[in-house]
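Below you'll find the structures, each written out as structure tokens.
One chain, subunit A, links the two complexes that follow: it is found with subunit B in the first and with subunit C in the second.
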Partner chain A sequence: MKWRLFGSATLLVGTLVQAAAAQDSQAEPLSSLEQRFRVQIESLIDSARQAGLPWAAVRSKALEGVNKKVDGARIVAVVRQYYANLMKSREALGNVGPGEIETGASVLTAGVRPEDLALFRPTTAGRSPTRALVYLADLISAKHGVPRDDAVAAFAKLWKDGAGDSDFDGLWRGIDQDILSGVNPKAALQNRVRSLPVRSMRPPTDVENLHS
Partner chain B sequence: MSVPKARLLAISAVLLTPQFAVAQVASRLEAGAFITDASGQAAVPVSIWRVAPAAGFRGSHGSVSASGSAWLQNQNWQLVDGNIGGTLVAPTVYGVRAELIGNASRAFDDRSLGSDQLDVQTRINVQFNKKSGAWLGGGVARPWRVMVVSAVDLLSGGAWVDVGTATITTNVTSFGFTKIAESDNGGVGLCPTTASLGSIGSIGSIGIGAAASPMAETAPLVSAGNCMHRSTVTDATVAGRWNLDRFELAGEAGHRMGRADDVMHDSRNWASGTVTMWVAPRAAIVAGGGRQPSSPARGIPSRTFGTLGMVISYLTPTRSSVPVTSVTAMVRAFSASPAGDGMQKFTVRVGGVESVEVAGDFSDWGALTMVRRGRDLWELSVPISSGVHQVNIRTDGGRWVAPPGLPSMKDMFNGEVGVLIIRF
Partner chain C sequence: MTDFEMDPIIEQIAHEARRPVTMDRDARDRLLMAVRAEPVPARPRRGWGSLVEPRTVVVTPSYLTALAAGLVGIGVLVGMGTKLGRDSRMTGQPQVVAAPQLPASDTVVTFVFVAPAAARVSVVGDFNQWNAGATPMTRVGNSAFWSVTVPMSVGRHTYSFFAVGSDGEKWSADPFAPAAPDDGFGRENSVVLVGRGSAL
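After this line comes the complex of A and B, so read on.
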């Protein structure tokens, strides 16, 4: 009887410990990192929070590394680099939302220079460069191989001229299709930009600014 | 056949061209001593230097490979064997894949005997999971310059399983062919009296390295007292390969089934093994030995051998013991559509896989298992907020990749993520 009681108690304790461990793991997935790396990551998250940067994105980058089984030292290095890119992104894009800052940081990772990123600084309230930047980063990646400077120049001009999300969406799909069909990436960019309808895409606020 | 040393070295240099661009290219050069004894037939030298270059390319839809070996004998390089082969692979559907395999090969025992062969086989592979599978196939081989006067029918089947770092493969292969056989004391044995076709004089039985003769010239040699004999032999083999840090151990044992007239006593059972010790990332010492059975359809005798050599390799050669290689499943399509209540329904189209998972910032990068809804349709609804999200998918626990159809970005961990922009 005593043994049965002891066994039941052990089983119950074991189950509770497992459940607690699982809850703990769910509460903080970063706990799987080694202590020394976790401390550094948490420090970077705190710094981002204090600096008004999208700290959730910093944490997410660390979790991405953890779940992709990257070693701790590498995760710390990547998160540190990402934090620096967030700073540069905010500096270049100005007063924009966290989504734009995160996208800007990813675009810097893709090889766009901070001064080029600054060309996409919104001048109109509510206008977001997110799509333009996402498509730009994709086109200059090795997968598509559009020359960076050409792509930046074309996209920045379209952005400045007031192109909307649907314009960038159509442009990206067209270039992607052309490259898949065997067209030279640079030529694909030039052809598709040239084929965009000639119309004033300048947003009203910019027009007003010009007249003022 | 002699090959000038310079030419051989040039071929080896080409085969050892450094890896260019794609990781599937592998080449190797093995050089060392090779000692063999062909059961007293004296068809091969007993102690020789040997070089064996090999190269291969493996892509998602097929592979090509070339290999050969040459022996140094009496100050001359002698080509021993050469093989060029290719495989076309059909897409995997539910773990089932078809392959079309073709080879052209040449083999020599000494300067007076050699044979060429073309073979084509089809094979159906079934991969039960990532650690086991089976195959069944058949085909035809056409040898020249041997006493076989028909195409060789091939039928093979087998299974493989990964156990830890070891791969165990079993294989049963049946060979059926017609050859010219000598009469045996008045029509008993291989040539029944009623089937006797004539005498072929000094031509010996298949498999012991007799004089070579082109097939076209063979048939007229059939004369009184000899016959066309249909032989069927079946080989059953078990092979294993273990990777233990710097060591690779490989072994094979086999048994040949067939009539006593068709299977020579020295080829009933055989076993061999090799040990490869990697002393540098691209260099290894190889030692091995054992017994190889005869090749009855090609007239290659059995032999006992021992070898000690050095391998220089660009990329570790792929595991030859596993006939089924994992080909990354191609995700054909990915889409996200609103599913109400702040949910998005992800849809993936990919066939021939056991599992599909999706992960992203919306799941704290935890893997979410998708649900199979059709032959190649996988779905999952997840709560996701409006905004820019990064997403990866993977099949069968493989590598995380950016879903097709989405713009992608570097993930800073040597991979890519797809970018999903959600607007409610």
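After this line comes the complex of A and C, so read on.
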């Protein structure tokens, strides 16, 4: 009788453990990676956490690869590059939040040089370069094809002169519209930058930021 | 002195009972042979056989209560084990990085995608851990439009559309949103900027 009970209990526990493992695999998609790749990814995530970098973004990049069914070696290479870009982004942008660091990393991925990214380092509290950098990355992408150096120079000058989010919103929409209409991307950038009103081109002070 | 010692009849019975019994030797041998001739009781089956042999089980309320308590206990232990296992994979220590909590929702964003021939479409991004099954879109009437409204936190989010049709699976960027740089995996993502009460 004791053996019967023991056998039944063993079977029950085995079934439960198997069910829990299956649930674990669903809850933790990284577990579908081969062990050697998963260890490297987890090591990078842990390093990012130790370094104070946005580790959730590192994990998200790995998950993106897993769910896009990319092979493990490729995922590790991409995540490692992304981790390096996060480091460079923080160095370039200084004391900014995780969102800005992630955006800076994506701009570096787009081909902007770290020294150019540093031109967008906030000099006043509460001012975020996220929107400007997102539009910059979009315009120099293959989708729009604006020459990188021209776009960086124009955006950096606007940023330095104090352009706000609404300025960059309008600029991006205008350039996008012009390019769709057949205007040359470089000309579209130059035309739209020239047409921006000069009135707002002054960096806001910390006091203004506090009240905005 | 007890009452028994005082009773002479009881004293006589006790004396007879103490007297050694002489037993016929043949009778003893017959008894032993009869015992040996009895079939040996079958040993209880072990292993798989004992688990599958038919048996009658009497279920009482107390038995059921004990069984339920046991199952709950095993479930709790297994749950604790898998949680510790999951957490400790990060650094090998119990206190490590946990799975990031889903950000609190600051606003909602409606995604729209045009895919006339698709059988299924979903929006996939960092806000749902790139899980292609997490945020399915619904076809708007009989049109080519698919849409879904998603609660999102303030900030920059990257995403892509995942469509399944007769020609297979396809990842597509949002043509109306800023492009994110190459995802590193050979596909393009899009960016949504979520502000308080607004999104681009």
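Quick note on the criterion: the second predicted complex is superposed on the first by the 181 of 212 C-alpha atoms of A that agree within 3 Å, B and C clash if a C-alpha of one lies under 4 Å from a C-alpha of the other, contacts with A are read in each partner's own complex, and residues count from 1 in each chain.
In this section, a contact is a pair of C-beta atoms (placed from the backbone, for glycine too) under 8 Å apart; a residue touches a chain by one contact, two chains touch by 3 or more.
Bear in mind the structure is a predicted one, so any value in this text is a computation, not a measurement.
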Subunit C versus subunit B on the shared subunit A, clash or fit after superposition: clash
Touching partner for A:49 - first (subunit B), second (subunit C), both, neither: second
Partner touching more residues of subunit A, whether subunit B or subunit C: C
Contact residues common to both interfaces of subunit A (with subunit B and with subunit C): 29, 57, 60-61, 63-68, 70, 74, 78, 81-82, 99, 102-103, 106-107, 109-110, 130-131, 134-135, 137-138, 141, 143, 172
List of subunit A residues in touch with subunit C within their complex: 1, 3-4, 7-8, 11-13, 16-17, 20-21, 23-24, 27-29, 38, 42, 45-46, 49, 55-57, 59-61, 63-68, 70, 74-75, 77-78, 81-82, 99, 102-103, 106-107, 109-111, 130-131, 134-135, 137-138, 141, 143-144, 169, 172
Touch list for subunit A against partner subunit B, complex: 29, 57, 60-61, 63-68, 70, 74, 78, 81-82, 99, 102-103, 106-107, 109-110, 130-131, 134-135, 137-138, 141, 143, 172
Of all residues in subunit C, those that touch subunit A in their complex: 44, 46-48, 50-51, 71, 74-75, 78-79, 81-82, 85-86, 89-91, 96-97, 99-100, 124, 126, 129-132, 155-156, 158, 171, 178-185, 187-188, 191, 193, 200
Residue ranges of subunit B in contact with subunit A within the complex: 359, 361, 364-367, 387-388, 390, 400, 407-413, 415-417, 419, 421
